[in-house]
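Here chain A shows up in two complexes: once beside chain B, once beside chain C.
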Partner chain A sequence: METDLLNTLVTEAIWRAEELEALGIRPASSAWEDVSRIEEQLAKALPVSEAQGRIARRGAVDAALKAGDYDRAQALTDGYLADEAAPASLKAALREILEEADQEIASHFQHAAKHHTPREARDLARRFNEAGAFGLAA
Partner chain B sequence: METVAFYSYKGGVGRSLLLAYAARYLAAILGKRVVALDFDFEAPGLHYKLKFDITSDPHLLAGGGGSVPYLLATTQGFAFPPPLEEHMVYLGHEDKGGWLRLMPAGPAPRQPYWAVLKKLGDKLRLGDSSGQGFMALLDLQARIGDELKPDYLLIDARTGVTELGGLATTILADTVVCMLVANMESLQGTLAVIDALKSAPRLANQKPVRIVPVLSRTTTETHTAGFVQLARDRLHEKDLTPSELPHDDLAVLEKLGFLWPLSQAYIELFQRLFPSAIASGQSTPRKNL
Partner chain C sequence: MALERNGHAPGVRVSLELEQVLSNGSLSWPHVDMSKIDQHDHNRITEDGAEAVALALAHRHRAWRIVRRMQRRERADWLLEDARGNEIALEVSGVDRGNISGRLFEKLKQVAKNADIDQRWASVVGFEEPAVALRSIGGY
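Our next item is the complex of A and B:
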């Protein structure tokens, strides 16, 4: 019953996010965050041995990236990869989603990517969020 | 390419002016290829210091050129950014084989500039967990290096403790010129920033940042009051020796608006800042007024 409701919600949420994105409306990122959170609930409700459970796990990570929340995508991926019951195909797919996101950033910032990796930039962003400009707020 | 960021904790210390003189000295006297980049987005004025009239460039004047429009273009969608040259102005100085290019922030203080800056504020988020905000700025620096191949990139970093000032000094710069004046407010703020610069993480392929403190606008009064000595002592505690730029020298240069003649204080500072350029460039004896 719960998964039926979640499936309905996630279907609506995906439709909403896609339509917002197609219309170029800014809050599309928050719509994708909704998708990611519903997918996460589905992933909790469905075992990884089921195809729907694996789809939900991939969907949670993918939607987090579409929401621009790389930290969340990474945290979800780390959790799913740590699940011993997760099949190798799912683990490979999750890693691939993150790698594709990196490649997209690297292809857009080709000059920076010759010298620095998106991971380095993310580390800087994380530190910036924690400690502010110059690290003075740490 | 060596990147030198000019930073000051407080405004009014002659930071942009020093950058402008350094840029012209490197290009005109030493024959180096120099890009001057205005990162002081909230109060841009490097084009004034380099004597460039924004109104002479219709593209810039309409808000289509400069570092702010460039960064906005790179952060809007994934289209490849427009040619760098559309966002720069060429300032010549080819006599000795060098050149000077300026990337102004934009046509400040005109309305189109502030409109573009507002848009950029919504788009360029350094805290974006994807790292795209940092990548956009690193990409601009790397692109300047790849396409223009300058010897020096001189960045006018924002005064105070700001996101861009922090980035320009802790991440983009090989050398940070930390300018201060001889009063407690300026000194204590600068010392805090110097501590932060020393402990700031660097990217994998970067050396530790070189910090060059510059005590500017010193006068007989500030010497007599002991502020200059106090600043020296406090900086020595951090293993740093300040260069000193007397107020009169700066004032005279500002009034004349010419690169030449430079006072001995400037020449000594530039020798300290750009030792490899001095070694490879033509050594020029000082001319007198």
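Our next item is the complex of A and C:
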């Protein structure tokens, strides 16, 4: 898909998500998921050496978090961090985005945060989710 | 709508400040039915109006074209490019009543935090006394 078309789509998607969020409309999370998916496509189309490629990578992770999809944000971050061509500034920015999300979660669940980091909690949740109901008993 | 709400009509004179160089221009737009203004969010009218005016001005005076909108984390609303393909980060804001200079300073500080784009600009549009400023972070 051409980047011009993806840029048009992401512009419209960001606008829509921001408007829904400003109005406090619940489906804003699905609108942010759309933003994340389009940013991910832009990240695939644009090299990390270009500013637009870095904007798209940060945008894909940030929008995934706004959509409440922490697993996806983590998976995207892991993939982008594994790219040897990624500059240190991008890697630092991606880690900062996840850390901010972790701090926000920890502030909402202060008691739980004393025992587990948000990342540990997410890993546990993913394992339970993958194993299904019987996995809990194993 | 942001201009008509302040009693202005199409063709109104506007003060322009491009990199601290002052000039005048005029703004024209299709006439708006103000009877439905209550259906719109007050701040949204100001911000959307500012974006329309700022982007038109950036194209008219700098020949910049829009690449994409950016998310808030990027500290700028728009990614633009000039005729040579150089990228520009542009932060836009609107002021319904009062002077625009204070807001311009705030927005320049904000867009300066964008680390990826060399050319960082802010534009503020005032609607009470129509005025537009477009300035780079090197210009303050």
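Going forward, the second predicted complex is superposed on the first by the 131 of 138 C-alpha atoms of A that agree within 3 Å, B and C clash if a C-alpha of one lies under 4 Å from a C-alpha of the other, contacts with A are read in each partner's own complex, and residues count from 1 in each chain.
Here, a residue touches a chain if its C-beta (ideal position, glycine included) is under 8 Å from a C-beta of that chain, and two chains touch if they have at least 3 such contacts.
Predicted model only: the values in this text are computed from it and were never measured.
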item: Which superposed partner A:Gly68 touches (first chain B, second chain C, both, neither); value: first
item: Of chain B and chain C, the chain that contacts the larger number of chain A residues; value: B
item: First, second, both or neither for A:Arg122, with chain B first and chain C second; value: first
item: Partner chain(s) touched by A:His111 [first = chain B, second = chain C, both, neither]; value: first
item: First, second, both or neither for A:Pro47, with chain B first and chain C second; value: neither
item: Which superposed partner A:Ala101 touches (first chain B, second chain C, both, neither); value: first
item: Footprint overlap on chain A, comparing chain B with chain C; value: none
item: Interfacial residue positions of chain A with respect to chain B in the complex; value: 65, 68-72, 101, 104-105, 107-116, 118-129, 132-136
item: Of chain A, residues touching chain C in the complex; value: 7-8, 10-11, 14-15, 22, 35, 51-52, 54-55, 58-59, 62-63, 89, 93, 97
item: Touching residues (chain side chain C, partner chain A) in the complex; value: 44, 66-71, 73-74, 79, 87, 115-117
item: Chain A-touching residues of chain B, taken from the complex the two chains share; value: 74, 78, 126-136, 138-139, 141-143, 145-146, 161-163, 165-167, 169-171, 192-193, 196-197, 199-201, 203-205
